[in-house]
Amino acid sequence: MASLVDDDPRIIEFDVRTDEMLVNMGPQHPSTHGVLRLVLRTDGEVVSEVEPHIGYLHRSAEKIGENITHRQFIPYTDRMDYLAAMNMNLGWALTVEKLMKYQVSEKARHLRVLIAELNRIASHLVGMGAYGLDLGTFSPFLYAFREREKILDLFEEACGARLTYSYITVGGLTADLPPGWLQKCEAFLDQFEPIIKEYHALLTTNAIFVKRTANIGVMSRDLAIEYGCSGPVLRGSGVDQDMRRDGEAIYTAMYEGYAFEVAVMKDGHYPRDHEYPAVPADAVLGDCWHRFFVRMLEVVQSMDLVRQAIDRYASCQGPLGDPVKLAEKMPTGDAYLETECPKGQMGFYIVSDGTATPWRARARSSSFSNLAVAHELCRGCLIADVPAIVGSLDIVMGEIDR
Amino acid sequence: MEVGVASMVPVIGLLTQPVSVAHYLVVGAILFVCGIVCMAMKRNALGVLMGIELVLNGANVNFVAFASPYLQGEGVRSLGLDGQVIALFVILLAAAEAAVALAITLSFYNNHATVDVDRADDLKG
Amino acid sequence: MRGPEFLEQLEKAVPGAVTGRTLDVVDPWIEVQADRIADVCHWLATASPVRFDSLQCITAVDWCEPDPKKAAKVSWQPHLEMVYHLWSTPARVSLVVKATLPRWKADVPGQLPEIPSVCGVWRGANWHEREVYDLSGVWFTGHPDLRRILCPEDWEGHPLRKDYEMPLEYHGIRGR
Amino acid sequence: MMTGLAMLVDAMVAAPLPVAAINWHSFFFLVFAALACGFAVAVVAADNIVRMALYLVFSLGATAGLFFLAGAEFVGAMQLMIYVGGTLVLLVFGVMLTAQGPFVSLKGSGRDRVVAGVVGAVLLAVLLQAAFSVDAWRAPAQGVVADPSATPIGMALVGLRVDEPAAGSPSPNVRPGYLLPFEIVSVHLLVVLVGAAYLARAKRRKTPRAIEVAASSEPPASRAEHAAIGRDRSRGASVLTGGR
Amino acid sequence: MADLLINTLGLPGWLGWTITAVVAAVLILNVIAGGALVFIWAERKIAGRIQDRLGPTRTGGKFGWLQSLADGIKLLAKEDLMPEGADGMLFRIAPYVSFCASFCAFICLPFAFDVVGQRLNVGVFFVVAVLGLEVFGVILAGYASASKWSLFGAMREAAQVVSYEVPLGMCVVVPVMLAGSMDLVTIAEKQSGWFTNWYLFHDPFTFVVFWIYVTCAVASVNRAPFDLAEAESELVAGFHTEYSGLRWSFFFMAEYGSMFLVSALAAVLFMGGWNGPIPLATLLGLSEGTGDTAHYLVRLVGLANLMGKATVGVLVMMWIRWTLPRLRIDQVMTTCLKYCTPLAAVMFLGAMLWQIALPGGVIPVLRTPAATVREGWLPGPGGSPPASAKASDVAKVGS
C-alpha cells in the first residue's frame, strides 16, 4: 500500500495547510444534465469525494404502472429516457410480449429495428453534443442538434410526436410509415454520413478534447461489471457485451440476420468495418475518451443497421399487424427483459396477476447504475474533471429518477 | 457655505502654487507613519506585511521627489537618476521581501493555524 | 455449466439455502432463504462455475393483504418477494433469485422486514438496495449507508407498498 | 461629495483667484496625494484583511500617479506592475488563509491602538518638521526640464550613465552606472524565486486521507479479494463470513 | 486638438486642455462601451454563423444590429441583486475596479500617429501593468460574493493571470528591444512603410514571439480556451455567478475592452500599428503635414488601419472561443510555465542575437526611407566604436 501511495500521481499534499470544502454542484448547475445534485468534497481544486443525490425528477412511474394497463404504460416509458423514447417503448413492449409469448410480424420487427436504431443515433448525438458543452465547447452541440432535428422530423412524420413518441407499442407499432418516408430517411443518412467526420475533427481528435478526456475517470473492467454498468459505459471499459447480440432470445431474434460488430476495443483495436480516427496515445481503456468514442462508433454502426433495416422493411410483404388490445390480459407470472438502449441496458420487470394491469412494474435504469459508479471515478480528480466524467456517463435524469 | 470659502483658501493656495519637494515629503511622511502605525497595531501577520509595504512606499516617495527634475527649486541639485534607481531597487527588494515574509507567514500558519502575530511567542518552530 | 448441474453445485456449496425452484416459466427462478441471500450471492458471484459478476436489478414485489372481498380469489399469503436479477458477463447468462420476506417484521406494522445486504458482494447493489428500502420498505442489514434515495429524507412511508397512502400534505404542499 | 463640489464652485466664483490661475500640476498632485494618504489611513483603520489589501492597492496606485507627476514614469509603471502585483498575491493569500475563517478581522487591543497612535503622531510631527526645515525643499518647482525618457534609466541599469557625465571617465560624457547593484538584485530575486518555489513545492505525504483515497481507487487484484474489501467495509458483516 | 482650441478659437489654456482631456476620455470610454456593444453583437452573429444558425435577426430591423442595445436596456432594468452574506462594499466596487483598469490601459494606446490619449515614454510597460490590474476586480468579486463558485473562479483567475504576465511581458519586450523604445508611438512609427517592416516579419524569432503573445493575450484576458475563471460548465459562472444587471455588464465591458486592447497592442507591437501594409500615404505623397486635409486624412486612414487590425484580432478570439473546448486549470498552468515561458525566453534571446548579427531584419527589400533609420546605440556588426556613438544618439533621444 505504501508504494502505491508514493506512486499515485493524484495524491499531492502541499505544505500549505488547507481546509476541505463541501460544494453543491447542482441541482441547478449547467453541467449536471438535468436536476442532479453532486456534493463535492474538495480541497482547493482537488475533489476527494463526490456524492450524487438523485430524486429531483422522481415521478413514481413504477407506482403508476401498477394502476394502468400495460399498453397505457407506454407513454410513461417515453418519459424515462426522453432522448431515446423509442428504445424505451421497445423495451417495455418486448417485455410484455415476452410475458404474453407474443410475436410481432416480420414487417413490424424490421420497422422496430429501423426506428430504434434511428433513435439511438439521435440519443448519441445529444450525448455527444452535451459532452462538448461539459468541456466548454458550444458549437458541436448545435451541430449535433441540427442533425438530430432531422431525425426528429422523420419521427414526427412517422408518429406525430417529436420527443415522446409512444410509437412502438405492445404487439407492434401504432401505425405504418407514411409513403416516401424511407426515401427521406435514406437521404438523411447519405447527408449525415460525411458530417461525422466534422464531429471527429471538432471533438474526438481535437487536442484539447483529448487532453481533457484521455486517462480521466478510468473505469476498470471489473469495476464496471460490479456496478452493473452497461451500454457504451461498459464497452468503453473493454467489456464485449451488447444485448442486441448477447441478450435474450426475444430481443436478439429482432436483430437476426443483421450484420453488425459490437463497438468495443478487442485485441487493441476497435472493429475495422469503418474508418475511424486513431486512438490517441494517452487514452487508456476505460477512460472518458473511450466511452465517448464508443458512442461515436455506435452512431456509425446504427446507421448501418438503419440501412439494412430499410432494405428489409421495404422488401417485406404483408401487413404490419395491429397492436394488442388496450386491456389485453396478461398471463399470470413475471418476466424480465433487458434491451440495449443508447444509454445502456434498460431492464423492465413485469409481475402479472392475470389481469391487464401489472401487479408490479419495475424499470431497471441503465443510467442509474452508470451514475452509481461516479463517486468511484471522481476520487482525487480535479473540479473540471467532474463534468467531464459525469458527462461521459451520458446520464438522463428522467431515466434515473423514473 | 460661508465657512466654505474661508476654509478653501489654503487649498486655493496649494492649487495655485507649483508643488515643491516638501509637498512630496509630507505625503511620504504620512505614508511612512501610516505604515508604522499599521505594523504596530495589526495582529494579523498579513496586516503587518502591508504596513511594511506602506513604509517602503513612503520612503520611495521621498526618493522620487528628490530625484525629480521638475521639483527642484533654483540652485538645488536633484538626486537625478540615482533617486529613481534607488526607488526601483526598493520596489524590487520589497517584492522579494514580501515573498519571504509570506513564506514565513505560511509556515507559521501551518504550525499554529492562525496568522495572529501575538501568538507567535513560543520560540519554537 | 447450466441447469440441474449448476443447481446441484449450488446446493452443495450452500446446503439448505435454496428452498425452491421454478423452471417451467418464462423466466425460471430459484427461491432462497431470505437470511442466507448474501451467502448464496457471494457464492454465485465469486465461487460458482458460472460467475454472476453483475447484479442488474433488485426488486421488491408487495403481495399485500387483499381486502376481504377479494381474499377468496387470490392465491397468495401476504408477503414481500425480493427478486434479484443476476447476470454473468463471461458466460452471458442470467439468473433470477427470489426470496420471501414477511410484509412487516414480526408482523408488527411499521417494523420493516430485514434481509442481509449484498453490498459486500457487488458494490453496485448499494443504490439498488437504497431504492428498495426507500420505495418498498425493506431493511438491508449490513448496508453501509441505507438512506432514502429518490424520496426526500423526511418522507414518510414507502410508496411502492400496495397499502401506501399518499400523505395529505408534505411541508405545506397538498398531497391529494 | 456634493457639498465638496458646491464648495469648490463657491470658491471658484468667490475666490480672489481666477480659475485660470490654478496650477494643474499641483491640482493633480493634490488629488493623488489625497488618495494615497487617505487610503493609507484606511489601511490602518480597516479590520478586514481583504479590504486592507484593497485600500493598499489604491494607495500604491495613487503613489504611482505621484511618481508619474514627478517625472519618474518608469518607476511609476514599475510600481504598478510589481508593487501592486505583489500586493495582489498578498491579497490572494489573505483570501486563502482567511476566507471563511475567524481571522478575517483580528482586532488589536485598545491599548495597542492608543500607543501606536501616539507614537505615530510624534513621528509624523518630527518628519513634517524635517520636511519643512530646509528652505531649498520648499522652493517651488521650476517646471518642465526635459522630455522624460526611460532610456537613461535603462542604460544606467546596464552600466552606462548618459545623463550625468563623470569627470574622470575615459569618454568625456559616460560614467559607470548601476550594473553591479542590478546584478546583485537579479541574483537576489533568483534566490527568492527558488526559495519560494521550494517552500510552496508539492510534497507527497502519507496522510490518512491520502492512503484512504489510494486504497479505494485501487483496482482490485482479483474478484475474491475485491469482495473481501467490500465486506470489511459493510457494517454487519457477520452474515457474510459464513459464505467464505 | 488643444492647440487648435487655444490658438484658433482663442480659448484660455486651462479650458482648452480640460476640454481636450475630457474629449479624449469620452472618446476612449466610447471605444470601450460602444466597442463592447458592437463586439457583443458581433460575437452573437459570429457564434450564430459558426454554429449554423442566424444569431439575432429582428431587433433593430436587419441583422439584429440593435440587439446589444436591447440587452443593455434589459440589464439596466434588471434587479441588482446582492447575496446576503456578501461583503457589500467590495461587491459593489469590484466591477468598477475591473472596468477602470481596462479603461486606464487605453490611455496610452495610440490609435493613429498622434491620436493617443497620453503619449507615455513607458507606454508598453504601462499598458501591461494596468491590464494586470483588471484581475483585481475579479478577485474582489470572487471573494465578496460569498459564493464558493465565485471564490474558485477568483482563485483560478489570480493564478492564471499572474502566471501569464510573465511570458506576456517577455513577448512584449521583443518589439521594445527592436524599436529601442517603450513608447508605443515610437514602436509603431518604426514599422512604417511596407508590411515587411512589421516586427511580425522582422525575423523568425519575432514571428514565433507573436504567436506566443497571441496565446498569452488570450489567456490573460480570460477568453476560451482559457476562460477558467468563469468556466460555466464547472463553476456555474465563476467570479460573476452572483452578479446581475448593470454590475455584471461592467464586467462584460471590461472583458471586451481588454480583448480589444490586447488585439490593438498586438497590432502596434507586431503589425505596424496604424501603418497599413502598403505605405499608401507616402506613395501618394501625403506625408505628415503637407496640408490640413491630407493631414487629417492620413490620420483617419491610420485610425481605420489600427481599428481594423484590432477588430480582426477580436474576431479571431471569438472564432477560437466558438471552436475549442476549454482547458483544465492544471493544463492552463502547464501551457504557461512549461511551454510559453521558456519558449518566450528563448525567442527573446534569439531575437536579441539576431538583432546583433543582422540588425536589418529578414526581408530587407521594400524598405522606405522612414524605416531605414535605425537607432545606432545597439552595437552593430561593423564594430564601430560604440561608446561615443551610443552616447550621442541617446542624448539625442533623451533631450
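Each chain gets a letter, A, B, C, D and E, in the order it is written, and its residues are counted from 1.
What we mean here is this: contacts are C-beta pairs under 8 Å (C-beta built on N, C-alpha and C of every residue); 3 or more make two chains touch, one makes a residue touch a chain.
Because the structure is a prediction, the values reported are computed rather than measured.
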Distance-maximising chain from chain A - centres being C-alpha averages: B
Most central chain, judged by mean C-alpha position against the global CA mean: E
Distance-maximising chain from chain C - centres being C-alpha averages: B
Highest C-beta pair count, chain pair: B-D
For chain A paired with chain E, centre-to-centre distance based on mean C-alpha positions, whole Å: 47
Euclidean distance of C-alpha centroids - chain C vs chain D, Å: 65
Rounded Å distance between chain A and chain D, as computed from the means of their C-alpha atoms: 54
Inter-chain centre distance, chain B versus chain D - centres from mean C-alpha coordinates, in Å: 11
Residues within chain B bordering two or more other chains: 106-107, 109
For chain C, residues that touch 2 or more chains besides their own: 53, 123
Set of chain A residues in contact with two or more other chains: 15-16, 222, 226, 376
Chain D contact footprint on chain E (complex, rising order): 12-14, 17, 87, 89-90, 93, 120-122, 125-126, 128-130, 132-133, 135-136, 139-140, 143-144, 151, 154-155, 158, 162, 165, 180-182, 387-388, 390-391, 394-395, 397-399
Contact footprint of chain C on chain A as seen in their complex: 54-55, 58, 60, 62-63, 66, 98-99, 101, 222, 225-229, 239, 241, 246, 248, 333-336, 338, 345, 347, 349, 351, 353, 359-360, 362, 364, 368-369, 372-373, 376, 401-402
Chain E residues within the chain A interface of the complex: 47, 50-53, 148-149, 152, 155-156, 224-225, 227-228, 231-236, 322-331
Contact footprint of chain A on chain C as seen in their complex: 25-27, 53-57, 59, 61-62, 74, 83, 85, 87, 89, 92, 94, 96, 122-124, 126-127, 131, 135, 148-152, 159-160, 162
Footprint of chain D on chain B - complex, ascending: 1, 4-5, 7-9, 11-12, 14-38, 40-44, 46-47, 49-51, 53-54, 57, 60-61, 64-65, 67-76, 80-81, 84-85, 87-89, 91-96, 98-100, 102-103, 105-107, 109, 114-116
